[in-house]
Amino acid sequence: MSETTIQTVIAAVKILVIFNVLLGLFSLMTWVERRVLAFMQFRLGPNRTGPFGILQPVADGIKLFFKEEFIPPGADKWLFIAAPAVSVITAFLAIAVVPYGGSVTLPQASWLGPFAGREVSLQIVDLEVGVLYIFAITALGVYGIVMAGWASNNKYTLIGGLRSSAQMFSYELSLGLSWVGIIMLAGSFRIQDIVAAQDGGFWRWNAFIQFPAFLIYVVASTAEVNRTPFDLAEAETELVAGFHTEYASMKFALLQMAEYVNMITVSALGTNLFLGGWNAPFPGVPDTGLAGVAWFGVKVLSVLFFFIWLRGTLPRFRYDQLMHFGWKVLVPAAAVWILITAGALAFQGPRPAAAAVGAL
Amino acid sequence: MDFAALLFYAFGALALGSAIVVISQRNPIYSAFALIVTLCSLSAIYGLLGSPFIAVLQIVVYAGAIMVLFLFVLMLLNVKREGRDPGDGRTLKGVALALAVLLALQIGTVLMRARLGPARPLDASTEKMARDLFSLPYLYVFEATSVLILAALVGAVALARKDS
Amino acid sequence: MNAEPTVQHALLLSVGLFALGALGVFLRRNIITILMCIELMLNAANLAFVAFSNHLGTREGQILVFFVMTVAAAEAAVGLAIVIALHRGKDTLDVDAFSVLKW
Amino acid sequence: MPPQMPPYVPLLILGAGALGFAVFTLVVSHLLGRPRPNPAKDAVYECGMPAIGTARERFPIKFYLVCMIFILLDVDAAFLYPWALVFRDLVRDGWGTFAFLEMTAFVALLGGGFVYAWKVGALDW
């Protein structure tokens, strides 16, 4: 087998695994979310299908596949069908540069053939432009929502889509700006390098060194993926279900899937950028290879749980409050923080600067 | 032909095809979506030409920001399909087509006859680009850009929000 | 002819896009579509910049693309603001309707 | 270290996979679901009220203003990224103060525009 073929096969296998992990995590999340919310609200949640209701996502999936399709009158048919596809494709594309571990070395086993003993990096592709690629792809994610909202020919979806897209790019700006300090400290766009810069104990994680940026990231990413308290686009009390009101069957499922995959992406990205990625919280604890993947998984799942917890706890913002908060608090704060970080780096040299910034 | 070349031609064809859709559609919303496809395939071409940073910027600035603004305005003003052309439309279209072909031939001839010499290797990595951009020769242009954006910001806000 | 994409092929693509953009400006009567065609022409110019810079081994062309994009963003923001202002006055977007500077 | 595969190959595989998945799902659900339309079901869902007119309505200019401010600041972010990338190198080479002041001036000018938009109420909802 030629070198190119081998690498292509490795890439394809990695993509297949990630794809299935994402799908599995998505269906698991729909169940976990309902159970956890129910627990927080003294209800039971889905508990009939299988033990503890764990087969609920499967049942939902089968049901949605067999549901009839529906295209509202006066809708723009092609855009209406394309919208879920665009959403889900951009959601899956964004995960490409997010690493989930350092690298593993395949065992020297004979059944692996030419793959034996090879070092495989645990990332689909390590682009030179790393985080910027994610910034670009999330920017494209707005189109799915605009298309869905506009094509449905329904006033609620139109308003939901507009609100959602306006919210997305308002917070996208602060989201993007919150990374700048980290890029400065790491001197690289590659997420691998950013994670490597946080090696050596939890006090070196960017969540502490860049604490204000971390807060901005948490708020902005929650808004970016339309989660409570920022789920204004689908405020049931005002807008039915926002931009996906008119969607049924698998088209609805695809839109829903795109939202959850985006949530998983921002959790994984936040883990990498701020929570040290696959680094163990204390030096000396093993975190190479599969152990790193385990650390990474624990962190991502905790962040996902945090999202559900938020939903069970906080009330929804009002739309004007949301826009005010995004533009008048987050954006200026992010800009000022960038200049503070830069000033600290410029006038004290890199090492003490990180400490000084951390002390702030 | 290697794979990169194949991709280059595929994305080139996609860019041209969607550009034709942009100009032939009467419904401006479809034009806008077709233009987004053109911009994304151009971004892929930049990536293939070895300029990843330009490729990403193309998506961030053009496809992710400017085109959203176009779509918003189209929806804001509730733009309808263009009506049919008045009687002499066909002649005008012929003239327009002829002029465009003439333009293409002209520019094409000039570009093709440029004496380029052999290709020289280029390191267009993001770091090198950034070092160039933030060096002394571009200082003036860089600061002038911020004045341009400032002017655009003030101008556009003033124009758009009159009696709103 | 060489099957590899050379600078000539990128330039031909750029010429094609530029001519299509120009044709769109001639043909379409909706101001917003015309603005989009202008964006198309700017993009064609960008492609030529990148192709030349790639071939000549200098980065100046690519840095210029940076500034062209900035100008395009400013142009779109102001241009569309003007379109909105025009639409307020005449309630149409047909270019033929706007033949006077002041009304 | 063997020669690296060009980065667009995995991206292409991923994109093709995502596209295939979306198309497959849409087609299969189209084939499986049996539509049983009736007039009430086909109507646009607006909380049970009969829909008045279409949704091809105009909407407030605020969305445009916010979007416009976003694209101009987005360009600003596009300049901040490469600056952040090389900032430490610049500091190491002794250009730290220069780079810092250069970007401070840039951000301050844009900040002026931002403050203008704020003061005239473009950011008020």
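Here the chain labels run A, B, C and D in written order, and each chain numbers its own residues starting at 1.
Going forward, a residue touches a chain if its C-beta (ideal position, glycine included) is under 8 Å from a C-beta of that chain, and two chains touch if they have at least 3 such contacts.
These numbers were taken from a predicted model, which means no experiment stands behind them.
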item: For chain B and chain D, chains touching each; value: A, C
item: Chain pair, A-B or A-D, that carries the greater number of C-beta contacts; value: A-D
item: Most central chain, judged by mean C-alpha position against the global CA mean; value: D
item: Separation of mean Cα positions, chain C and chain A [Å, integer]; value: 34
item: Separation of chain A from chain B, taking each centre as the mean of its C-alpha atoms, in whole Å; value: 29
item: Chain A-chain D separation of Cα centroids, rounded to whole Å; value: 14
item: Centre-to-centre distance between chain C and chain B (centres being mean Cα positions), rounded to whole Å; value: 5
item: Chain B, residues touching no fewer than two other chains; value: 4, 48, 53, 57, 60-61, 64-66, 68-69, 72-73, 75-77, 126, 129, 133, 145, 149, 152-153, 156-157, 160
item: Contacts with two or more other chains, residues of chain A listed in rising order; value: 127-128, 132, 158, 162, 169, 189
item: Per-residue overlap in chain C, given as positions that touch at least 2 other chains; value: 66, 69-70, 73-74, 76-77, 80-81, 84
item: In contact (per the touch rule at the top): chain pairs; value: A-B, A-D, B-C, B-D, C-D
item: In the complex, chain A residues that touch chain B; value: 76, 79, 127-129, 132-133, 135-137, 139-140, 142-143, 146-147, 150, 158, 162, 165, 169, 189
item: Interfacial residue positions of chain D with respect to chain A in the complex; value: 2-5, 7, 9-11, 13-15, 17-19, 21-23, 25-26, 28-30, 32-36, 41-47, 51, 54-57, 59, 63, 66-67, 69-70, 73-74, 77, 80-81, 84-89, 91-92, 96-97, 99-100, 103-104, 107, 111, 114, 118, 123-125
item: Interface residues, chain B side, partner chain D - complex; value: 3-4, 7, 44, 47-48, 53, 57, 60-61, 64-66, 68-69, 72-73, 75-78, 126-127, 129-131, 133-134, 139, 142-143, 145-147, 149-150, 152-154, 156-158, 160-161, 164
item: Touch list for chain C against partner chain B, complex; value: 3-24, 26-30, 32-33, 35-37, 39-40, 43, 46-48, 50-51, 53-60, 62-63, 65-67, 69-78, 80-85, 87-88, 93-94
item: Residues of chain C defined as touching chain D within the complex; value: 66, 69-70, 73-74, 76-77, 80-81, 84
